[in-house]
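In what follows, structures are represented as structure tokens.
Both complexes below contain chain A, partnered by chain B and then by chain C.
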Partner chain A sequence: MRGGAPIEFPPHMDRSRRRVAVLLLLPALLVVAVVAAAPIGLLFRVALYPPGPVAPLSGGPELDSFAGLLSAPYPSVALRTLRLSLLTTVLVTLLGFPVALFLSRSRGLSRRIQTLLIVSPLLMSVVVRAYGWMLILGRQGFVGETLAALSLPRVGLLHTEAAVLLALTESFLPFMILALAASLDRIDPDLLAAARGLGASPVRTFFAVVAPLTLPGFVAGASFVLVGSLSAYAIPALLGGSAARTFVMEIYELVTISFDWPTAAAASIVLLLFASALLGGAALLSRRRSARTFGA
Partner chain B sequence: MPRIALGAAAAVAYAVLLLAPLAVIVYSVSPGAALEIPPSGASLRWYAGLADQPRLISGLFTSLSLGAIATGAALVTGIPAALALTRGSLPGREACLAVLLSPLSLPGLVLGLGVLTSAAVLANATGIQTAGTLLPLVAAHLLITIPWVVRSVAASLETTDPALEDQARSLGAGPFATLFLVTLPSARAGIVAGAVSAFVISFGNFAMSLLLASGRTVTLPVAIYETVDRYQDPTVAAVSTLTIAAAVAAAVLTDRISRPLKSRGASSGSGRQPDPAAPEPNA
Partner chain C sequence: MNPRDAGLALEGLGKRFGETESVSDVTLRVGRGELMALLGSSGAGKSTILRCIAGHLEPDSGEVWIGGELMAQAPPENRNVGMVFQSYALFPHLSLRRNVAFGPERRGASRGTAADLADEMLERVGLLELADRYPREISGGEAQRVAVARALAIRPEVLLLDEPLSSLDQTLRRELRSLLRSLQRSFEATTVWVTHDQEEALTVADRVAVLNRGRLQQVGTPLELHTRPANTFVASFVGKMNLLPAAPEPGRPDTFRLPGGPVLRAERDAGPGSGAAAGEVLLAMRPEVVQIGHPPAAPGFNRIGATVRRIAFLGDRLEVELELEGGTRLLARGNTLFESLAREGDAVRLYWPVADTRILIR
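And now, the complex of A and B:
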């Protein structure tokens, strides 16, 4: 992309250039260190205090707050959260793949409008979109009132797992479309022509050429959706409520209702470790995959 | 897959994406507090009624100032970082970028809890009270605004020619003159797009703000959350519609700004440029 030949700097200039670069990078890295890394370290420490609503925190260090996560209701809540995230990822992939294909084949104005439709929701607050789904799904909402107007029995879909799943799918769909489309856009059209020229059917071309080449986009998109839906709070809280309690809702209530900071911190650490493992695994997977494909 | 089937799937997906914002907009002009099907008319009374909702109004102003401060601070820290990443020939470039982008994929509520805990520890240890001020919110929002600025500015810098800067230097311009007269103006599109996205993302953030917002520092998304949770009121829909309009305007604006950038990239033979408004999930 860069035009012109790279200019060779003498070694001492290169070194001072690098030193300036480190200085320029420092403030941003410092923010991540102070506002993310250090607080996460602090949560580790808080998790080692004895669980319970005690202030000021004292005693320990011990692992009782982690052990407490093994008793009710946490295991079943964790399983439900995991199930919702996996289902969201599957739905988002099934719906997102054809859209990404369609988008990557569109040009000009159509592509611009589609991009706008995909990107705009990402810039809206998740609370506003969850509110929209409440208005649609509630007993006195669009679905309920339409059924009543047709003199059919009112059905309220609010406060169900299905409502949570629908809203999660909607809120993560744009990410998956963009991730898949980025991969699809990088496929060399000559490859597809070659596959077809060699006699492969469109179906065979799809599974032998297109699908493997979109795998990096899929892995990036799927890990993001998986972790994002595991971490979602507004959607399960507003659309599921007590009918679909998730892990993050438990953390919130441990802090604001039970004042049990050690357990809240322990649950946060578990979630963070799980999310990091998922993201790290996905990064490793796509790196190894691309190394194998390109023989690097 | 045949194009018609793909088009149908895309139409379904786009309809799903439009449904929730449309529901909010329709409810915001409803004549009464109850939702009517079919609607008996339209009215703007809930927009006028916003003036009587101090919590929503105060939330709106909190979110506006928080967004402005967080965006300003993100520009001050993010633009140098983007310069270092694109021009610095650093060995750990990829790792640094991954670290800077990582807060986008971590659970926001947990990050908020971490900041809340840190603020409490700071208050205990030094007596510096940050509770009730914007400081914890600004700090937390920096985590999500910096990535947008860095990504957008770096994408812009990638497409500009560093040889131009070398020419400026060889013509006698000092490093600062080169930076302010050549490098930054050529990355203008990325800077503006990054600032717009960062502001809108901070303005709409909920997960991180929830535990940090209290009293006068309750942000608009948190105020909306507390209000919809308790009772039905189209005023909430009215203020939500304003935020929807802002989001769409921001999307259109970033698309406009990044347009010349893209065509320039296309003419030099490369493929699609990364869309500054499109947060490509980082693995």
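And now, the complex of A and C:
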């Protein structure tokens, strides 16, 4: 890499146009610096104070707040959060693939209508959708009432890990569908015909040709879903409650209830680094896997 | 030829998409090991026929026989058909070796055996040293050869080539044409070569099937198509042809009168137009057979006077546009000797063999 230049310009751009480009980028860079970079810097600073509900932050710098994350309940909460995210990603992929296949095969108006239907849940606040799930899953909700009407024992799914998983899957499904469909769109239909002609059954063709060529879409979708569900708050808080506490819920309570800002900051940093590592790893993996297939 | 004896047989094949009839009533027999060119302009139904043979499309009517067996609704993977796509359709996520090994592997060869076979095939098309490359790392001509190697690696009963050379430049096209031809011969694969390029079809094929708007126009050797076209479409699609409206003389089916008086002769059974009523007949002759100069004394020649209207130099030949008595236009092509015989505006004598005059239906 060339030293010194933080921005890569296209080679055909001359000096004066580069200067204009920098000027145009400046406002956006300033916003990012103020609303993202500075708070993250502050977060690091706060995490270095001694943990505990202290009113004026003082003392340190020390790493005790990070050490505190190694004791209960954090490890088990982290594990549950990770489990929920991974399961969400798996479910979203399994449910999303057939829909994405269907979507990528339609054209014109029907395609636009399908896309609208898939995206429409995103137009609603996640809180509203979580509330909807509460009405459905609660003991007095749709599931409970239906069971009661059938003279079966009234079982509520609310405040379980399953409820959180269900709602997370529902809320992240559109992203995975769109990411997969974008990849599927780029597959030349002749490739499928070629595979069949060479002796591959439809199922074999899917695994030997379609799946590998959808890898970029899967990696993009999976990173988004993984990181998004790791940091989801409203859905676990409303549907899981105390029965399925997640990492972000812990952070929220550290900030608003126990006022342990250093620990909250440390937990945030751990989550941030973990998510960044996931995204970086995914990008690296997909680049290495697909450089020769799709070009850099 | 019985469909059971043919390498490939189509019996009354028909396929429509919505309202439009893409292919109708196509019956075609390709002998074992024969190379049949399927010639037609775009939209003539060539690709539809290929896809029906390969099993990617189900015909609405008719039958497909491959190697003497009726393919009822057999899926593509159960037909022994190798296909080279116009886009080549190489798997972008697999190395060239794995691309070529794909077919043998799917047909039960172990990974090692399939890879060895793939290397052998790549060597035959001269690309063994690129075996570890990926499709996007090679040129169009190389991709074309890999596609052929991949199609032949399954030792197909029938080889289908969909416009195999259309996206390559002229020099490469000639080179690959002969490579394809020699591979096809050594594999003895019954082959259908789809093209819209009549020169390609005539030079490469044992026989050519001319298709127009989903219907077969004529099937024959390149020479037959050239000298005895079945109709005006074939006549003008395959090379250039003079088509002169003419009326048969009453009681003399071999004699025709052109508008304005000139009389020409053709042999009695020289084409589908013989015996047709007046106003429906076109006399057809190639510009190459029309000679300028003093006709020989021998019988068997059409002789006629004309005025030279235009002379064009075609590189190695001259093309002369002539006007007959009565205003009918006629083209003659010949060597540069023509130049000494005719200048624009000259009155000249023309002659050509009666045997080279075809009678077609308008």
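Annotations for the structure displayed:
FYI, the second predicted complex is superposed on the first by the 278 of 296 C-alpha atoms of A that agree within 3 Å, B and C clash if a C-alpha of one lies under 4 Å from a C-alpha of the other, contacts with A are read in each partner's own complex, and residues count from 1 in each chain.
Operating definition for what follows: a contact is a pair of C-beta atoms (placed from the backbone, for glycine too) under 8 Å apart; a residue touches a chain by one contact, two chains touch by 3 or more.
Everything numeric in this text was worked out from a predicted model, so none of it was measured.
Of the two partner chains, chain B is the only one touched by A:Trp261; chain C is not. Shared-chain residue A:Leu191: touches chain C; no touch with chain B. Of the two partner chains, chain C is the only one that A:Arg204 touches; chain B does not reach it. Looking at the shared chain after the overlay, A:Tyr252 reaches chain B, while chain C stays out of its contact range.
In the superposed model, A:Val90 lies in contact with neither chain B nor chain C. Once chain A of one complex is fitted onto chain A of the other, the partner contacts of A:Leu122 are limited to chain B, with no touch recorded for chain C. In the superposed model, more residues of chain A are touched by B than by the other of chain B and chain C. The residues of chain A shared by its contacts with chain B and with chain C come to none at all.
In the complex of the two chains, the chain C residues touching chain A come out as 51, 54-56, 75-77, 79, 81-83, 85, 87, 89, 91-93, 102-103, 106-107, 134, 136-137, 150, 154.
Remark: chain A residues 1-5, 7, 14, 17-18, 20-22, 24-25, 27-29, 31-32, 34-36, 38-40, 42-43, 46, 56, 95-96, 98-99, 101-103, 105, 112, 114-136, 140-142, 145-146, 148-149, 167, 169-170, 173-175, 177-179, 182, 185-186, 202, 206, 219-221, 223-225, 227-228, 230-234, 237-238, 248, 251-252, 255-256, 261, 264-265, 268, 271-272, 275-276, 279, 282-283, 286 touch chain B in the complex. Note for the complex: chain B touches chain A at residues 1, 3, 5-7, 9-10, 12-14, 16-24, 26-27, 34-38, 76-78, 80-81, 83-85, 87-90, 96, 99-100, 102-103, 105-111, 113-118, 121, 124, 139-140, 142-143, 146, 150, 158-159, 161-163, 166, 197, 200-201, 203-207, 210-211, 220-222, 224-225, 228-229, 232, 236-237, 240, 243-244, 247-248, 250-252, 254-255, 265, 268, 270-272, 274-275, 277-283.
Interface of chain A with chain C (complex): residues 188, 190-191, 193-201, 204, 208-209, 212-213, 290, 292-295.
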